[in-house]
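Paired with chain B in one complex and with chain C in the other, chain A is shared by the two complexes that follow.
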Partner chain A sequence: MRRFAATLKRDVLIAIRSGVEMLNPLAFFALTGVVFAIVFGSDLDTRQISGIPAVWTTALFANMLAMEGIFRRDYDDGTLAHLLLDKTATLPAICAKLGAHWLLTGLPIGVLAPIVGVGFGLPPVTLAMLMATILIGTPALTLIGAMGAALVVGLGRGGVLLTLLVLPLYVPVLLLGIGVCHQFHAGAVYTPQLVGLFAILTGTLTAVPLALGPILRVSQDR
Partner chain B sequence: MFHRMASPEHFFAGARLWVFWLYLLGVTGLAIGSAWGLFFVPPEKYQGDSVRIMYLHVPAAHLAQMIYIAIAVAGAIHIIWRLKMADVFMAAAAPIGAITTALALISGIMWGRPTWGVWWIWDARTTSVLILFFLFFGLVALRQAIGRRERAAFAVSVLAIAGAINIPIIKYSVEWFTTLHQPASIELGRNIAIDTVFLLPLFVNLASLYVFVAGVILANMRVDLVNRYQTTSWVSEWFRNN
Partner chain C sequence: MHVQEGELIELNGPNGSGKTTLLRILLGLQKPDRGKAICYAESIGFVGHRPGLSGLLTLVENIRWNLSLSQCVVSDKEIRHRLAEFGLNQCFTVSVNELSAGQVKRGALCALTLARHSLWALDEPMASLDSQGEELLASMLDVHRNNGGAAIVATHIPIASPTDEHIVLGVA
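Take a look at the complex of A and B:
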């Protein structure tokens, strides 16, 4: 637990002190969202219907762009090697890194989502649902993306490759998240999709932190 | 037998005749099955002649999933027992899987137009098979991006196992969701919803594609083995003798 708290604090502090870099995914999210809001035209129905997937997809891309950096700094300066040396410390440290990463990207993206969604003329209740689903979905995205990032860490040109690896695995989360919002917006039953979204979250939350240790360890023998 | 085939040297030598016979049997079977399906089966009552696309579409779609399952199992075998041949199999089978999936998708697109009225719809079945294609592609790309073989093997195994979640999604996508794609007509322990006239060439093609793909993967594995073990004495000896 001490290790968890220490790593969490360290990662958050590094992000805050590195300044604007932390805001890059958020700026990307807001900007891309605005571009979609501009190009979708003035018909309110179309804007509302296409606004939900637009916000969700840009949130997903913002998250994915941020994923690449989750282990890179630690890999480059050797911190990762230290975290992996002590096998009892690996799991709490990895959980802390995942938590910190979500606090710094997923959470602010979720909070920002209703603001971006306003640009599409969505009603407040739908905006609240949009925020809720993004807040449920982004931890799952972070977990899946972390697995991809761990596979390509230290490879140099990891960015495009990471997209290729994780995007297919992201699709179910995206479809379920959009599904919940659409059903909710139309006043229909949305529980099945919501349950699916939670199922993916709990599944990845259980499996991924355990798998990350061995995956990262392989990246160490260079 | 098993432990002998797990050694690269014995596998390389032993697979040679297998490749020949699998190719011969597979190509002959595909020729017979396709000719049968194209020229001797009567047109179907509702779909007319377009039903013949089935003889390519169904075997390709089935094989694509089977190849992925085999790769995921090989990934697990590689992680648990560190069998060398498991990784050789994964490397050889991934591109074949991508091609097979592409075949299933393309034939599906061609079948969709005359029967559904659209080339493509974004339903659960088509989307999950498209994702399968990108998973195969990712397996190939990841292996190429990682220089060191052991690390590449491990990374590909992890990705293959993680992506295996897609297989049950493909399987049940036509039962869980309402969609244009029909549910499976052939299932073990259930009445088959296709007339025998249409069924026989389908089974010939399905079995032959299994055989043919097995041959292609074996041949691919042999090439990969020469690449991997080019510095060992058994490879240079083999080249001297042939």
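Take a look at the complex of A and C:
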């Protein structure tokens, strides 16, 4: 627990000190959301129907924007090697890194989502559901993205490769998240999509932290 | 390869001979092309080419995190005292990015001494150090060995005494 808490605190501190770098995904999310709200025109139905996928897709890319950095800085300064050296420290430290990443990207994106969603004329209940699904979906996006980030960490600038690797895996989360909000907005049954979203979150939450240690060990061996 | 309590193994060889690679294989950070490497050390402290210190944190913050990884409880006062011993008393509140390469290396070595690992793995530990820093390194290695610790040092500058084990690598 001490390792987890120390690593979480450290990563949050590093993110705060990195300044603008931390704010980039959030600025991207807010600005792109506003642009979408403007270009979708004045027809309320069109804006409402397009608003949910627009906010979700923007949230996905904002999350991806912050993904490459999750292990990159530690790899560059050598702290990743320290983290991998002691096998008992690897899992709590990785879990803390994932937690810090979500706290600094997924959580603020989720909080910002209803504000961005207002621009699409979505009713408050739909905005609440949009926020809830993004808060459920972004941890899964962080976990999936972390696998890609771990695979490319030793490759220098692996941004494009990371996108190619994780984008197909992001799609089910995106579709289920949009599906829940659309069904809810239309007053239809949304439970199957919500269960699917939770299933992905549970699966990734269980498997990914355990897989990341071996993946990082292999990929930093370059 | 056996390294007993109080022993030091020096890996010598010219650039490109594989000193770093061998060290990383021994630590499990790199896979060998053939065969298998298993390290049975209780706890390992490592200082490599990259310092293992985050540039955006101060030395105290970095060392605090390093120590928490190895479950060592050391007070901030003790960390500052040790940093002062390493000639870093002006660097408590400065982020690592603002330090010189030599100061960063001293900081990494300071973190190593506080973590109380049984085996030290050092890769070119004298790189970036001035003559005073080299003396400091030699004395910290002596203290570590006298306390029952062991060390494997990859270097092209001799650091071990003639009685220590030397493994000389050549370029293929």
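Simple rule for what comes next: the second predicted complex is superposed on the first by the 222 of 222 C-alpha atoms of A that agree within 3 Å, B and C clash if a C-alpha of one lies under 4 Å from a C-alpha of the other, contacts with A are read in each partner's own complex, and residues count from 1 in each chain.
By our rule, contacts are C-beta pairs under 8 Å (C-beta built on N, C-alpha and C of every residue); 3 or more make two chains touch, one makes a residue touch a chain.
A quick note: this is a predicted structure, and the numbers were derived from the prediction, not measured.
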Regarding the shared-chain residue A:219, is it in contact with chain B (first), chain C (second), both, or neither?
first
Touching partner for A:147 - first (chain B), second (chain C), both, neither
first
Between chain B (first) and chain C (second), which, if any, makes contact with A:26: first, second, both or neither?
neither
For A:89, decide between first (touching chain B), second (touching chain C), both and neither.
second
So, does A:12 touch the first partner chain B, the second partner chain C, both, or neither?
neither
Is A:167 contacted by the first partner chain B, the second partner chain C, both or neither?
first
In the three-chain superposition, say which chain, chain B or chain C, touches more residues of chain A.
C
Can A:211 be said to touch chain B (first), chain C (second), both, or neither?
first
Name the contact category of A:155: first (chain B only), second (chain C only), both, or neither.
first
Touching both chain C and chain B, counted on chain A across the two superposed complexes
218, 221
Which chain B residues qualify as touching chain A in the complex?
127, 131, 134-135, 137-138, 141-142, 145-146, 148, 150-151, 154-155, 158-159, 162-163, 165-166, 169
Sort out for me which residues of chain A touch chain C in the complex.
2-3, 5-7, 10, 13-14, 17-18, 73-74, 76-79, 81-86, 89, 93, 217-218, 220-221
Listed in rising order, chain A residues that touch chain B in their complex are 147, 151-152, 155, 157-158, 161, 164-165, 167-169, 171-172, 175, 211, 215, 218-219, 221-222
Can you list the residues on chain C that touch chain A in the complex?
24, 27-31, 43-44, 46, 48-57, 61, 64-66, 68-71, 95
